[in-house]
Amino acid sequence: MIDKTIETLAEAVSLIKDGAVILVSGFGESGNPTELTHALIDHGPRELTLVNNNAGNGHVGLAALLEAGLVSKMICSYPRSSHSEVFNTMYREGRIELEVVPQGTLAERIRAAGAGIGGFYTRTTIGTSLAEGKERRIYRGEEFVLEDPLHADFALVKADLADRWGNLTYRMAARNFGPIMCTAANTTIVQARKIVDLGDIPPEQVVTPGIYVDRVVEVTNPISEREMIAKDIRYIGGEGP
Amino acid sequence: MIDKTIETLAEAVSLIKDGAVILVSGFGESGNPTELTHALIDHGPRELTLVNNNAGNGHVGLAALLEAGLVSKMICSYPRSSHSEVFNTMYREGRIELEVVPQGTLAERIRAAGAGIGGFYTRTTIGTSLAEGKERRIYRGEEFVLEDPLHADFALVKADLADRWGNLTYRMAARNFGPIMCTAANTTIVQARKIVDLGDIPPEQVVTPGIYVDRVVEVTNPISEREMIAKDIRYIGGEGP
Amino acid sequence: MTEILSREQVAWRLAQDIGDGSYVNLGIGMPEIVANYIPDGREIVFHSENGILGMGPEPAAIEIEYDLINAGKKPVTILPGGAFFHHADSFGMIRGGHIDICVLGAFQVSAKGDLANWSTGGPDAVPSVGGAMDLALGAQRVLVMTDHNTKNGDFKIVEECTYPPTGLGVVGTVCTDIAVIDISADGPVVREKVSGLSFDDLQSRTGARLLGVESCGELKVPVLD
Amino acid sequence: MTEILSREQVAWRLAQDIGDGSYVNLGIGMPEIVANYIPDGREIVFHSENGILGMGPEPAAIEIEYDLINAGKKPVTILPGGAFFHHADSFGMIRGGHIDICVLGAFQVSAKGDLANWSTGGPDAVPSVGGAMDLALGAQRVLVMTDHNTKNGDFKIVEECTYPPTGLGVVGTVCTDIAVIDISADGPVVREKVSGLSFDDLQSRTGARLLGVESCGELKVPVLD
């Protein structure tokens, strides 16, 4: 019998070790696995490499993980934002490494890793500093650069519905990086708003098939990072928020 | 106002000219746009290149298009089947060119064309005759071959629901090549079982967003190629079947 | 006296160039207000990089959904006919040339249509590219919406970009607060300029040699609130 | 007297090696019957190349859906927890190494695990590869289900394949009608052979040098209808 559901957030992230490369879903403040991220802070592995579109906001979720000193490298497309002071400070002080990847290339590199693609050519970055040192190809008269797949040890993903096989749906635009991140990690850990019975998600409406998911934990009322940031709430570890 | 719906099958395929490269959805006898294919026979462009997983069965749909002498080249993964006598005969007699592409590479080449990818690396075909003459790459100690995107002038696709913006859903495993083919053609022509009001397809359940679709024609009770083959019915053009 | 367009008027003018049925991505910031000035009767499908087609306007406060934000992280709505999809699909749509029009801001646009809009190259800046390069290269047509000059009076339309480029030869048209300029194979061609501004005056405010002295028309916009 | 396994018994034996919770693709033809012999209590998710996970058995005639067929084009069903997806996603799943086990037929398997199962290389054959190469390379473990020898008595397990290869070094285990043979780094190791068959007899029916004379056990299967 297949049952990927896990009782606690702590158990869900317990396998993550020092030095792990971790994909974290979300875009801005939508689709972030905030509870899993906080559980990861409590678990406390160090020297992590994180992959996310951004680099955390306020003092919660990803930003709290950075602030806890657990992250040595960020791979993202857009670290700078109106609330990214934690990352900005660490970056300026040389306390964190940054790899900036254009958003579409970031998404495609993650997808490529999940789909067994050993590199792909894109026109994105041609003529810019971000193409420096990259292999080129001319195809039909246009120049492309070679990009590598982006594999990870773990993915932390927020979903809406899940079942015990790990099938997932996502809510509105909170889908963003979730489905591709699930495919690209050795171990995919999901927090879902609701765990439903097998068969409750119609097979045409499954967005992430369970084959890509290893662990699912139910978080019924996920906290809103946006509200926490607006209220300047900090995640301090242990009991909350 | 955007209204991609077209009244007749004949009008839907009227732009297709001699020498066109056409993606045709379907796998075996599921998801084939049989009515569009028959309308194309009546329209009669010549020297076509067709892309499909297979090469037609019996004397209907794709096989009838071949039999009508309109096709000069097939790109497919598996032309041979228990009912592929039309293709087999033409191939043995040297009347049709064949490019055999492994099924996963065929799908990925189509997807690459739709997604602006200028080539990708796959391990599939390494060590086989199908890799001969292809560029190689070693990535993380493994050998990959370079494959090109597969662009087309037209796609003929069968869907289940559609709306006037061209949003589509597919029924069960009839989805197969439809969603990727819609993305890879300059002009995508769809036959849908039912045209519904805008908004009737929930935004999380849209499989092909309308941006990829140019023309939609309603075919309420699509014929079953499987039944036609079983009854040895031939498509003879003009009025039917 | 030279009339200078407000941001809303630049957005209005740019919106006139967006044809019925277009698929359009509006860049973060100033370009977003273009959505408010689409002429009546034109149905436009707005795309957002984070996986939305058919994006609608900002919701009333009570209807805000934080799972439904645009690429600028602001709450939006979804119209009937809209769709959600994941990030690889969203950027496949962009990179694959399916977006008809993208409206972007700019630090600089060159005479050849090179765009610089992602970095000023300063040593202290946190480099942040987002989807700018994908959009600049992928959209069928890139429309730039910008003030004609910087606050210091520096040129933004230049012979060669001095800021790091986002993409080369990608810009189709620049709509500024004083002119509409198409980037042709021969260089920038003035299509329209505001009344009271001579071609020479416009040239003096522009860092690249302008064409179209014979053919250019008047840039007329309504009074907007 | 040497016992020779029926196809159903080979399928049964192979099914014993498929662990609870495995994601499994069964090749077209003979491998499909493996699904009938999964031990009670094991939940297996079957994948079909045409975009199905959670594929169930053949339906009753009255419930046949021609939009729900497997890769062999036969009508199937979908179980609770199943999912449909498009072809690029389906082969991303295969190529990306997400399928635990793939069961394939074979013309030949070499001592190094090379597989030949897509073409006999005949000049008259219509070349048809389908998903064989993707599956052979992509699945975590390839199990081959085959008769030990051809109808003419020729070797199918050989030092080097003479038929065109599908993939190199891909085969994990071969289940035949007389033996279970694992492909190790050193070559084929007999895990089990049928009672009444000596190791020398098995070697004489095999075109590659076999290992495991000391350790191999008996291949025991139940009587099946």
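All chains are identified by letter, namely A, B, C and D, in their written order; residue positions are counted from 1 within each chain.
Here is the rule we use: a residue touches a chain if its C-beta (ideal position, glycine included) is under 8 Å from a C-beta of that chain, and two chains touch if they have at least 3 such contacts.
None of the values given here were measured: they were computed from a predicted structure.
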Problem set entry | Partner chains that subunit B and subunit C have in common | A
Problem set entry | Averaged-CA centre spacing for the pair subunit B and subunit A, given as whole angstrom | 35
Exercise. Cα centroid separation between subunit C and subunit D, in whole Å?
Worked result: 57
Seminar exercise, completed: Cα centre of subunit B to Cα centre of subunit D, whole Å, reads 30
Problem set entry | Residues of subunit B engaged with two or more neighbouring chains | 108, 111, 115-117, 122-123, 170-172, 175, 203-204, 207
Exercise. On subunit C, where are the residues touching two or more other chains?
Worked result: 78, 84-85, 88, 91-92, 94-95, 138
Exercise. Linking chains that touch, what shape results: line, ring, star, complete or other?
Worked result: other
For this session: Could you run through all the chain pairs that touch each other?
Result: A-B, A-C, A-D, B-C, B-D
Exercise. Which of the residues in subunit B come into contact with subunit D in the complex?
Worked result: 27-31, 53, 77-81, 84, 87-88, 91-92, 98, 100-105, 107-108, 110-111, 122-130, 170-180, 207, 224, 226
For this session: Using the touch definition up top, name the residues of subunit C that touch subunit A in the complex.
Result: 48-52, 65-69, 73, 78, 84-88, 90-92, 94-95, 114, 124-134, 137-138, 164-168
For this session: State the interface residues of subunit B toward subunit A in the complex, per the touch definition above.
Result: 108, 112, 115-123, 137, 139-140, 142, 144, 148-149, 169-172, 175, 203-205, 207
For this session: Show which residues of subunit C lie in contact with subunit B when the two form their complex.
Result: 20-21, 23, 41, 43, 45, 47, 53-54, 78-85, 88, 91-99, 138
Exercise. Hey, which residues of subunit B end up touching subunit C in the complex?
Worked result: 1-2, 111, 113-117, 163-165, 167, 183, 197-199, 203-204, 206, 209-212
